[in-house]
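Below, chain A partners chain B and then partners chain C, in two separate complexes.
== the complex of A and B ==
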């Protein structure tokens, strides 16, 4: 009864404010330097969402426009850092990435499949781990920090090679367990404010939470340049930020929990186009 | 045996004497539909202070989720919950107190935080563990402010 009452009240408000029914995603079309990139997709049958929409569609026109031209996109300063790092010799073996991978373009198609099962290592692997394995095992160099600026420069460069390709992570077989764990985390209420990812990004996407227009929390645009901190942000850094906002102790970037969550959130966007490196506020 | 009982009474008396009439978060009594009839402080709240707690992003942050035409000087009102315009015409004092103390007792599975509850979501940050979002006095102040929001 009470519930009904508040729902009715809610409906009245939306009308009296004259807002376009809950200020949903807009219908803008993204094209980067003239090449169209789809910002929505049909979800797989039986999934949790009945429409898939990229975070780009929930941003302001000004923020959106920064992503329509690589010259305006602030991420490209960092992509250039990534190119320099790709060619730079580092570590005891006197090698650079480009000694083994002649052209970074050969990584086209990688980003949409990550994270994925690494058969040799017997565990779920994110892009950061593949990069660090090369650094340590093949170059004799130090690991990069998961969320550090060298790492995000490199993941930005490598992800860019797959721009426009549909996300398609596998959720079955050896990763099924991680998928279930990620799903569990997504729906578990955490922190003093007692909220789950799903409260904001499934139940309320399209609505404003104070000044923030809630998106579906998709990760097809990562790494993403945020106007807020003027740098590239990794997927795990974003998860950490959202958890801290609800006064929850975040898992560690690179932890099995965040990797499981990465896999699950990626799968929720299966079909959306890779937009990396994107721009958000 | 006797002296133990007396000592226990003494300790209990001391504990309550410290915080006069304040109701501890874990001894709030809920009535039907999650109402809380008794004041948490035993004293009336201050609506002006309540409004500042209401808008403060580190305290109530109520505007994160609610529109309130009485606070248009504050930019950005969220739209997760219903507008609070006329809230006091829809809900009485005990109902409003109940919603603030623990929204989930009134609305199943609500997304609204419970402002006077000790145990919340898992993995609560250390510095917020065992603490309520608002103090009893802040909650009564917000409640006094909400009661001014009449149609």
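== the complex of A and C ==
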């Protein structure tokens, strides 16, 4: 019986691969509280994708509509947590974020450029590291966990300030090495299912898998509220989830590998608008 | 329970039907789950919600299991006059969270 079952399973796999049916992204237009945000962009010259499409366009219209109103968008519960944390004193120096950064709006324009090279530290920096540096060096507080709820509340709040701005990460100069490493990871097959990021998010986007449409794997909407776990999800947590799905051993959130991948994936979406904090399945 | 969020129009014409949206952060622990050691996690949900306009109840809900985390409740109401719309959420542990918004007519 077991053998029969596995034969049937193989048949099903072959059938679905044979069809390779694409359900294209829809052509809905996103506007949040009346402000239009573009959900597609022209790709870079010589880039791997013919078109850049935000993950929003691959979602059902019910999920899409949650993002069109900041009240309906469940992310804003967490953005409000972020606002409280921004004003909260923590650590030995008796300071809060707002002691140095008077208005969180001053971070407008930061999200589209991350991750980027931090000259002083001599390495690639993500938003999480900038936040933790501030916490440790200026506030004398403990680091937050990369994918923890405090961290995602803060990254949601800071990312929101750049909503609507086009992603534009630098890929040359000092980050060129990380960019190449990220590209290598993106195209390298790993895990028991022997799949690379590209197999789904480049070769098969739009197709239906795991009761969901595959997106291009763009990260312009992160941190993103996922209906499946009802919380904000960081970029690295999502990478980790993907790697588990293909039965691979995930890198650690905050590792150099995931940062390199973050840079490469961000660069694939250069030109797409920041949608953070977005809503996805 | 977290801080409630409510969306209420600041003003309306007498007799207008307006849409009210409310959302509160709450884990809504169903009572069906077990922790790592196999012990049942006790139920802790919001079991009652009400909206009261100038002392008259507009609507109320008894909530039971299978309501999602961070419950979102939306309803329409007719605004007869200027007044205060008071919202109330009651937790299983007896905690009551309240907030009030004013709607101006005219």
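By definition in this document, the second predicted complex is superposed on the first by the 259 of 281 C-alpha atoms of A that agree within 3 Å, B and C clash if a C-alpha of one lies under 4 Å from a C-alpha of the other, contacts with A are read in each partner's own complex, and residues count from 1 in each chain.
In the analysis below, contacts are C-beta pairs under 8 Å (C-beta built on N, C-alpha and C of every residue); 3 or more make two chains touch, one makes a residue touch a chain.
A quick note: this is a predicted structure, and the numbers were derived from the prediction, not measured.
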Chain B versus chain C as contact partner of A:176, first or second or both or neither: neither
Partner chain(s) touched by A:87 [first = chain B, second = chain C, both, neither]: neither
Which superposed partner A:230 touches (first chain B, second chain C, both, neither): second
Chain B versus chain C as contact partner of A:100, first or second or both or neither: neither
Touching partner for A:74 - first (chain B), second (chain C), both, neither: second
Of chain C and chain B, partner touching more chain A residues: B
Of chain C, residues touching chain A in the complex: 2-3, 5, 7, 21, 23, 25, 68-70, 72
Complex interface listing, chain B residues touching chain A: 33, 57, 61, 63-65, 67, 75-83, 85, 90, 106-108, 111, 113-114, 120-126, 128, 131, 133
Touching residues (chain side chain A, partner chain B) in the complex: 2-3, 5-7, 9-10, 12-14, 16-17, 19, 22-23, 188-196, 199, 203-204, 207-211, 243-244, 246-249
Touching residues on chain A, where the partner in the complex is chain C: 71-72, 74, 76-77, 80-81, 230
